[in-house]
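One structure below.
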Amino acid sequence: MADIIVLEKMNKFYGTYHALKDVNLTIAKGEKVVVCGPSGSGKSTMIRCINRLEEHDGGRIVVGGEELTDDEKKIDLVRREVGMVFQSFNLFPHMTVLENLTLAPRLVRKMATVEAEAIAMKYLTRVRIPDQAHKYPSQLSGGQQQRVAIARALCMNPEVMLFDEPTSALDPEMISEVLDVMTDLAREGMTMVCVTHEMGFARSVADRIVFMDQGEIVEVSTPAEFFAAPKSERARTFLGQILAH
Amino acid sequence: MSVLDGWWDDFFFGLMTVLQVFSVSLVIAVVCGLLGASAKLSKSRILRGVAQGYTIVFRGAPELLVLLLFYFGMAIALTQLVQLVDPSVKFIDLPPFWAGSIAIGLIVGAYMTETFRGAFLGVDRGQVEAARALSLKRHQIFRYVRLPQMWRLALPNFGNHMLSIMKDTALVSIIGLEEILFVAKMANSLIHRPFLLYMTVALIYLAMTTVITLAVGWLERRANRHLRGAR
Amino acid sequence: MSFDLSLIATSLPKILQGLGLTLNLLAVSTLFGLILAVGILLMRLSRRSWLVWPAKAYIYFFRGTPLLVQLFVIYHGLPQFGFIRQSVLWPLLREPYWCSVIALSLNTAAYVSEILRGGVLGVDKGFVEAGKALGLSKFQRTTRITAPLAVRLALPAYSNEIVSMLKSTALASTVTLMEMTGVARTIVADTFAPYEIFIAATIIYLVLVWIIQTGFTLIETYANRHVRKT
């Protein structure tokens, strides 16, 4: 299988703070990777570099065959093929659900409104809220908003989906409705990179688990290995803390 | 700038007048603002209504109009009052200094009313409840919990109100008070350098507003010391 | 003391003769001011310091000096220069009307650009990032996301600025324009009944302020229809 994301010796600094240290990671098409690690370990920074919401300061990032540099054209190409879901949803508050979904297909893919709306309705049905199309985001529950955000990313028909703690801002009773949608997506073969602390989801969906600490990838294992016998002391401590609840 | 030689002392005294009007207006504005805010927060419907009327009128009417109303109107009122006692008096002139200062003070006081009211309401209720739970007295809560935070919340707006007062002082030249814009008009009638003269006035005002801005900025940094490093 | 209520009633229609000019000054200066403000805002938000610096200086000067003084510099001051009197702009700069419009527009532009900048800075970074992640271009992000959200945030302050502009038009009376305050001043000079006349004028201004505020409340309600009412 072709590698769709390649990170090679990637480094990132915030001022003098070394946020990512020589990160190497290759993700194949169709693979599902869960990224976990303690707060501040650089998980968000790493996945935000993949669609260049952050600029890396050293090493290489290649997404879908395009290397990310200052070249705006390439960045645009990559962003079209990479969907992203944020912890805080970030739905455009002044647009209805349908407008949120059709905006990028119309502007970026130059799709006709009717066509964009048909696709939007398809994905809204897929995330199980077709009846909310004409509401504004503030009229939806958190779980519904996050599902709209997933549908919005899917409307661009991306090759890869990035998730940055998609369930962390949700009330407990809404977490599963979002995880169910994500699990469906994984079954359909989407390539996924997912920062999450939902270990049940990681166990059932992930092909590999990437554990990060202090800006480094400490270990990469299959879920079975990771949960049964983490290789590193740091991962063991982390698991101990997170599973203690 | 040698054409301005001979006028610098006039500008200096004009500036002193500006600063006097500024100071008196500021005091009046703060007093009106505090009274207005207390009235708006009071339980009495009459007081609230009066304060509401005050802010609507003085924030809605043009500054110039209020100034003219006070200058000419109060002169007539005073004259009539004095004529009750001594009918031989023809006309009493209200000094433009007082008419101007009172008018500006009342106008900006209306804006300060809203600022002070907002600052009072802006202090987190939870803190007041916490203080009550610690059995602090009402005046202690006001002195140690409310006041320091009101000050911090009101400062940015308060700074803007001071800038308004400073700039409004230019209006008193219209009722004949000899401040710097008036000096420039006088000088212009003799040396005919209007651009130079009015630009000088502008730059003097710019210097004054800069001083106010810097001072308020310094006070704000002091008032926000405890927030430093927080995100 | 004699206070003549009927004088208020009879002077109202006379003062209203200045209403047209007051509204004209307000509308024209607001429009020019807004266009200029957007230009200054773009300079101020640019990353190029040779654009930022003049914008900052402009804002600093026009917010730091009294509008009356600015008006005097333009109306009385500019004709000092021969090249101004010879220029194509002279037919405009000779007119108190255009000098008032220029002073009001230049002045309000400084305030409005800062109001709009406040709106832009208030837009949550997350929305812009979501736009980036969807592949929207910088121009598309600006026009579809940042600008509409910034305008909504700026509306309340902008409505205050319009009210403030209305009040500022009264200063045009100092350069001989017969807008409402100018008319009121002439009537006072004739009748010497300052209370009645100026109060009548104040009433009209208060009604205009009320109309402006009500209008903006309606606009804000419409613009914020997406916000859930709780």
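The first chain written gets the first letter, and so on, giving A, B and C; residue counts start at 1 in each chain.
Note that in this section a residue touches a chain if its C-beta (ideal position, glycine included) is under 8 Å from a C-beta of that chain, and two chains touch if they have at least 3 such contacts.
Keep in mind the model is a prediction, meaning the values are calculated, not measured.
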**Study point:** Chain pair, A-C or B-C, that carries the greater number of C-beta contacts
**Key:** B-C
**Study point:** Centre-most chain [mean C-alpha coordinates]
**Key:** C
Check your understanding: From the C-alpha centre of chain A to that of chain B, how far is it in Å?
Key -> 55
Check your understanding: What is the distance, in whole Å, between the centres of chain A and chain C, each centre taken as the mean of its C-alpha atoms?
Key -> 46
Review point. So what's the Cα centroid distance for chain B and chain C, whole Å?
Key: 22
Revision key, fill the gap. As the complex stands, chain A meets chain C at residues 51, 53, 76, 79-80, 82-84, 86, 88, 90-96, 103-104, 107-108, 136-139, 149, 152-153, 156, 162
Practice item. Under the touch definition given earlier, write down the residues of chain C that touch chain B in their complex. Key: 1-2, 60-61, 63-70, 72-73, 76-81, 163, 166-171, 173-174, 181, 184-185, 188, 192, 194-195, 198-199, 201-202, 205-206, 209-210
Point to revise | Interfacial residue positions of chain C with respect to chain A in the complex | key: 124, 126-127, 129-137, 140, 144-145, 148-149, 152, 225-228
Exercise for review: Quick one: which bits of chain B touch chain C in the complex? Just the residue numbers, please.
Suggested key: 56-57, 59-66, 68-69, 72-73, 76-77, 80-81, 163, 167-171, 173-174, 181, 184, 188, 192-199, 201-202, 205-206, 209-210, 213
